[in-house]
Amino acid sequence: MTEHSDVLTGAHFMNGDEACAEGALAAGCRFFAGYPITPATEIAETMADRMGEVGGVFIQMEDELASMNAIIGASWGGVKSMTATSGPGFSLMMENLGLALMTETPCVVVNVQRGGPSTGLPTLVGQQDMMQARWGSHGDYEIIALTPNSPQEMFDLTLEAFNLSERFRLPVLVMADEVVGHMTEKVVIPAREELKIVNRKKWQKSDDKHLPYRADEDLVPPMAAMGEGSFQHITGLTHDERGYPGANAAVQDALVRRLIDKVRKYAKTELTRYEAVEMDDAEVVIVCYGITSRSCLRAVRVARERGIKAGMIRLQIVWPFPDHLIEEIAAKARAIIVPEINMGQIVREVQRAAGGKCPVHGMPIPGGAMHKPEQIVEMITREMQ
Amino acid sequence: MSAVAQHTFDQFLRADRMPHIWCPGCGIGTAVNCFVHALQKTNLPLEQVAVVSGIGCTARVAGYMYLDSFHSTHGRALPLATGLKLARPELKVVVISGDGDLFAIGGNHFIHAARRNMDLTVICVNNFNYGMTGGQLAPTTPQGARTTTTRQGNPDTPFNLPALAAACGAVYVARWTVGHVVQLQRAMGEVLSKKGFTFLEVISPCPTLFGRLNKLGAGVDMVQAAKERAVIRNGADPKEADITMDSPIVCGKFLDIEKPTYLDRIGLTPTAASE
Amino acid sequence: MATDRLEIRVTGFGGQGVILTGYILGKAAALFRDQNAVLAQTYGPEARGSACRADLIVSPKPIDYPQVARPNILIALSQDGYTTHKKFIDPEGIIFYDEELVHPDAESPVFHASIPATRFAKEVGHKIMANIVMLGFCTALTDLATAESMEKAVSGSVPKGTEPKNLNAFRKGYEYGTQWLGSRSTGNGHKDSPYLRK
Amino acid sequence: MTSPGGKPAPTNTRSKVKMVPNVIEARCKGCGYCIEFCPKDVLAFSDKFNAKGYYVPVNVKPEACTGCKMCEMVCPDFAIYLVEDEKAAAEVPVKVKAAEESK
Amino acid sequence: MTEHSDVLTGAHFMNGDEACAEGALAAGCRFFAGYPITPATEIAETMADRMGEVGGVFIQMEDELASMNAIIGASWGGVKSMTATSGPGFSLMMENLGLALMTETPCVVVNVQRGGPSTGLPTLVGQQDMMQARWGSHGDYEIIALTPNSPQEMFDLTLEAFNLSERFRLPVLVMADEVVGHMTEKVVIPAREELKIVNRKKWQKSDDKHLPYRADEDLVPPMAAMGEGSFQHITGLTHDERGYPGANAAVQDALVRRLIDKVRKYAKTELTRYEAVEMDDAEVVIVCYGITSRSCLRAVRVARERGIKAGMIRLQIVWPFPDHLIEEIAAKARAIIVPEINMGQIVREVQRAAGGKCPVHGMPIPGGAMHKPEQIVEMITREMQ
Amino acid sequence: MSAVAQHTFDQFLRADRMPHIWCPGCGIGTAVNCFVHALQKTNLPLEQVAVVSGIGCTARVAGYMYLDSFHSTHGRALPLATGLKLARPELKVVVISGDGDLFAIGGNHFIHAARRNMDLTVICVNNFNYGMTGGQLAPTTPQGARTTTTRQGNPDTPFNLPALAAACGAVYVARWTVGHVVQLQRAMGEVLSKKGFTFLEVISPCPTLFGRLNKLGAGVDMVQAAKERAVIRNGADPKEADITMDSPIVCGKFLDIEKPTYLDRIGLTPTAASE
Amino acid sequence: MTSPGGKPAPTNTRSKVKMVPNVIEARCKGCGYCIEFCPKDVLAFSDKFNAKGYYVPVNVKPEACTGCKMCEMVCPDFAIYLVEDEKAAAEVPVKVKAAEESK
Amino acid sequence: MATDRLEIRVTGFGGQGVILTGYILGKAAALFRDQNAVLAQTYGPEARGSACRADLIVSPKPIDYPQVARPNILIALSQDGYTTHKKFIDPEGIIFYDEELVHPDAESPVFHASIPATRFAKEVGHKIMANIVMLGFCTALTDLATAESMEKAVSGSVPKGTEPKNLNAFRKGYEYGTQWLGSRSTGNGHKDSPYLRK
């Protein structure tokens, strides 16, 4: 079934973690630094096995702090890079996720979520790091986070994460979960030439001094790798277009606003990505993401069988949050239900975006299990009364 | 930008950022100066040399050199440099940072990079305290010394950096003070042209903080004092190079051996990973 | 009985190839029989010294909710796995077990079928292949999968170089199963199961 | 690159011509390293401070300079370097285009 | 002016960081572990000087990870403990903040906020870690965060933070900022006997085995120190009342819901704390917290002078967020304005809680400076037109 | 809870949690067994002994001992133990954890606690890989060994734990295998009654992962093999105690010295900080 | 505390009475440590597995036991310990109140 | 001129006691004169080798907005501090400077008053006390604070044991200021300032 010895193609029966690794390789990832942690370990293990075959480098670092920094370094070496972890390691990466954001370093961080807080439930599912994905590092920023709901999407969205990270020059998060990571399903990998691969805008050598943070109109600056002769200085301090530290409010304003705007500007277009199910005439709408969508899908089917006009929006990109989409739905729906494997995170965003236009109810469970479809059906039914 | 005159070595520097932020009499600049002199002598193509630093007064070096340079976060220069080196093995990656950065918060990365014999050069400017944040205890502060977090005298016992580096697997280990400009320059030349994990400790005065708190006079007095206390013992067992407030400061090249490096062991030839 | 959604659970010790067993069944369905299959494996430190488990769902339709609620089939490779999970099995279903490793519960309402899988595995090479023997047996007794798709899945899933031995193991189990089916009127006292091959 | 205050010493070979130190006053922080490290006491503090308020060194015995470059290497501020003797005394600062002006 | 050689009393001219340290000492804090970072360093330095005088222990650890864990350990040794940091260090503490939450460890963490992301503006002000305070660690939890706006409040609210942490058995955050930390003002410290000091409910030795996580009706379990003979086992894993790991959804549900409920239950009462200025007839309401309130206060005064009915709510406890309070205000106000030294954080909470009842506008600036009062006056004026 | 019989040592254990989670043939249980035997002999009052661990198979020890115990986060046992000890100096605080926990993610805390000669006992069960997460590379994995992240053989060079502990300042350093139950028990008794930073490495089989991946047989085979490879050299320079896949395993007590401890140096007498 | 399967050996002094190993079958994982480490080959695997499915050891040469406690110390599962000889052969498991039952 | 809100800026090198200067002024106001005072200090690596600054606001009313917009008084202890900040000063205000460390700008519209503070400080003990001399001078020349409150504030703020020396330094400056005031008709060519003591 394998056509190239390097990047896989064709149909495979593989688990989500493996599919994630293959998606990264297909996207051109050639550097992986990581530290084992359940339930993300299989991503590292697959990378360890496969990197040699594709001519890349795998390294197991001493911890997650090191892993995050190593992928930043590799990215500045001109190589697409990734790390993968779960809650505790994700928390440890927060400081240097900020460094990647501040220095506009393309890279991908996968969080295969398990139950928390703390060590919590290492082997069981959670979706409790969704707000952390947005707010976990100090300082202001916007970030992009994708939420796969199957091994196939672990492949697709990891590849997409690389494309977005290269496009927008920032770390992109794949917010998976234990069930998706550990479940095995058919994964179809298209031929190489059918894959859309995005690469960062490269700096073009010229006589002018390189201004590493002079952005183009799309708000994204071209990027030089270290070693290419651009003699650039990169810092996590607030910096100007030259990359030089500038310790004042004006430099901060220009920089931070651009970092934020380069995401917000595309929030309604390129960065809105979702699946709509039975939405044409839906009266009760379920908004969900990730593995929970598979309980919800069943619930919507059962509800429809019972003649209830239920619909579902499954977000594939949760951050930036699609305010406009929710606003639109809230204006039409009788109620919105947001089941999550957490005590109410994204539901707050939905509430905010709905702005009181329709009731928005959470269905919180704190991890360790998925929602039973029947519970959701019951909730839908209640809302229709 | 203000008018600046042209120094012989300005081509290695971001002259438009001079004068730098370091205090009058701070030794960091001297270390940089020696580095630049050494760099010039190695004839390495400048675009093939990258400097990575953490956070601290010393770490600001990255921003003053006209080289590809990365001023990362506190303690994380080494893993970042590791990623860079593995992605672009043809680069000479030099980590220049402070003792607090490399050995307090960054200690774990140091021992692991040394253990792996990762192909990185580490130059640590040791000023016995945290300069950037205002003179606190460092893991190198001699016992009894005053810092702003040990005003009664440091009860802690410090690391002996060369000994730690050697114990963890470095292939080159040396120590000089900024008073030893000739030796320092030579040592910098050596680490620049050696592969594997090389470590150079540079003893440097922080007159503004450590000097003031311990009544050691101006920077120039501190440099002179350190030079006077220096005992050059090339090849000495670095274990014998502990530093107290008044002990001799054992200087010299303690170790210079050959051993397969990380790149050797993973069979990574320059240009393998970078496209 | 043709059902939309077949749920299979495999249990045993770590190291017995429990996950691989589920994986091969799933692969046969997903890649060689145009079915949908979801395999979930239970990890956990709690499973270190004891039971380990794989849950498989096979269906002709896309599978939304991926968790097993009431397994129709249990394949028990250890006593502990048997004891823990027998109570969750669909009373209409089947429990397969290794007769040298499990003492069956005479009270269980579920149909049981056993094979000396470990002994057979040793005969064809190594006891590690007991799970493959078991798969042959299950394939013979039910409509879970065709022998052909299973052989493909076995070959594609076991370590390189061990394919022939594993295929032998599979066939050994399959043959035993065929005989078993032929002689099953001699039965084991349990009532029949709709999942048994007719 | 323009060379102010005299031709900079050829840096790779020991120069044959007579050299003397030249101070870039705007960079000097008056630390005294150069004065202290000069083996020939060529330098001493002047009694005037620069724009920042630091007292800068001057050549008091230019004839004694052996061109050893101690002052150049030890200066933490890249504020002193050797030039050919001719115009040694006068520093002629030259505006170097700052990066942001040249972009 | 000093009456005791140990805990200060009387009037002092001191900066916010020093006042914070004194507040902690007054509250009974006798263990401080920290790592220097601008602009929080003076807290550590003050503690280093003062701990010896009051018979406590100060230790400078190797990093912030260590500091956070050391204060957890000390708290289980029966000693009130604290650490202080700023953004980068706060990010590094996130994993083990979760451990403190999960193990219900009373302790106080101070974040003197500076501009971010990453190293950002080490010496300049920011309020950009407000959402991180709530969501920065993986897994679900509720937390308490206080926002002082003066050195006096650095004293008062740090003391209060200890009281709340002891009362509810969780880490409590003091979310200060560079201006408050570094500004020097008069601080009046009441006599010892006038201070309200809360201590944790202690476990009472009995013949029964100690159940370290059997909560009382207030949802808070009594606490035994290590070494007191309770033979307790404490873990960051999901655990039952015995403190034993329980890797399933039921144990998770019971534990995490209680951890969350023990805060939510008091959100409208004990944990609502704010100052209202000119609210009786306010038409435009400013909602603010921390140092920004001092720009806002001036703005409200100027607006009132100009005859504009402006009012101000200054939150002293930001987390748990006082939904009920905002709801009430939104029902009456013409508009709500939320100036923050960040790109829009707490304004999202205000928007959510306002539920569309009145327009809610942010006034984002990304750090490095405070809002100029005139800008706020302008915004108020615009809303009145 | 299932019916459990009463073992002589059940008073030291949480018998209601038996059987424990460790695999058949895992050596961790033997280390615990020796610890319990040693503890009994020391006659320390049990409420004055606390166990702190990180995360990993070994770290689960904390949950099986009928002592005050804290199962913290991965790598953080030492700083947590430091806080506990400083708050309640009268406690004997014992850190028991795995090699990954203490030396990969936790390496920095180890070198600093050792440097300070913090009054803690550290018992590291070294099984050459990460057990809990399924057999990945550890900083102790011998070069060439197979793990699930180095299936082609580990290119890395491992730490020599006793050498690192000694270099950083530990006052007691020893190594035994779980096959040496008598010596192990004795060593555990020694570390329990010594003050300052004491370190004991326990070589232990992980048959499920390291054993299977490297074809080393069952746990009992691995214990026997380790015992056979063991060479007892009390007082040896720990630098000579490197471990490869087939080298002798140098065991013994390498170091046992007296030095002021952290508590000595800060003048903290038991009961000072705790009210 | 009740003592099942015979009086436990006094643990601090080497016992004078004749001792033999006693296995708590429910805890045993059949690792064979005790069998391998017994210097007198007192123990061997039985041919029956316990409730978990592990083959447990039995005393095959109880008379040879010297009471050295090797098996007791080496057992990773706290599943074997020495008891006085009298009832050595039979394990009489006693229900110990689990913590959650006794709260 | 009595104003609601007086803004004072002190600048110099690190190590000259810039912050302490502001602190003493603030303390005198806040603790000994029933005023409100806010002292803000500018930190920063950028200040390492160069300017360092303290901003003080004193007011009889509670101070809401704590930042200095246009200082009424500048105390310049170094050339760099002088050069950087002179342009921000209220034209009605006063600039105090150490005449041996600062070359004043003849063009400045602001009233200037100078003292050889460092020299005086050396005379009374150590140049480190130049800032205290300067404080005495400022106290004499303006209504910023009373000499009494300032002496209390000086004693309560300097290191234990150095109080007498510092009080000497303060008085030295104060005396010089009193003389200066007496002879000020000899002026320095700048126009008058309403902040000057009448």
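All chains are identified by letter, namely A, B, C, D, E, F, G and H, in their written order; residue positions are counted from 1 within each chain.
The rule we apply is simple: contacts are C-beta pairs under 8 Å (C-beta built on N, C-alpha and C of every residue); 3 or more make two chains touch, one makes a residue touch a chain.
Keep in mind that what you see is a predicted model, and the values were worked out from it rather than measured.
**Student:** In how few steps can one go from subunit B to subunit H if every step must land on a touching chain?
**Tutor:** 1
**Student:** Looking at A-B and D-H, which pair shares more C-beta contacts?
**Tutor:** Greater number of contacting C-beta pairs: A-B.
**Student:** Measuring from the mean C-alpha position of subunit A to the mean C-alpha position of subunit C, what distance in angstrom results?
**Tutor:** 37
**Student:** Quick one: subunit G and subunit H, Cα centre-to-centre, how many Å?
**Tutor:** The mean C-alpha positions of subunit G and subunit H differ by 85 Å.
**Student:** Report the inter-chain centroid distance for subunit B and subunit E in whole angstrom, where each centroid is the mean of the CA atoms.
**Tutor:** 38
**Student:** Taking each chain's centre as the mean position of its Cα atoms, how many Å separate subunit A from subunit D?
**Tutor:** 55
**Student:** At which residue positions does subunit F touch at least two other chains?
**Tutor:** In subunit F, residues 14, 19-20, 22-24, 26, 55, 71, 73, 75, 104-105, 107-108, 112, 132, 139, 266 touch at least two other chains, as defined above.
**Student:** Mind pulling the residue numbers of subunit C that touch at least two other chains?
**Tutor:** Residue numbers touching two or more other chains: 44-46, 49-50.
**Student:** Quick one: which residues in subunit E touch 2 or more of the other chains?
**Tutor:** Within subunit E, residues 38, 62-63, 65, 88, 95, 99, 103, 118-119, 122-124, 235-237, 244, 247 contact more than one other chain.
**Student:** Going by the contact rule at the top, pick out the subunit F residues touching subunit A in the complex.
**Tutor:** 55, 71, 73-75, 104-105, 107, 130, 132-134, 136-137, 139, 148-152
**Student:** Mind pulling up the subunit A residues that touch subunit F in the complex?
**Tutor:** So the residues of subunit A in touch with subunit F come to 35-38, 41, 44-45, 48-49, 52, 58, 60, 62-64, 88, 118-119.
**Student:** Taking the touch rule as given, give the residues of subunit G at its contact with subunit C in the complex, in rising order.
**Tutor:** 29, 49, 51-53
**Student:** Quick check on the complex: what are the subunit C residues that touch subunit G?
**Tutor:** 13, 49-50, 78-80, 83, 101-102
**Student:** So in the complex, the part of subunit B that touches subunit H is made up of which residues?
**Tutor:** 19-24, 26, 57, 60, 132, 208, 212
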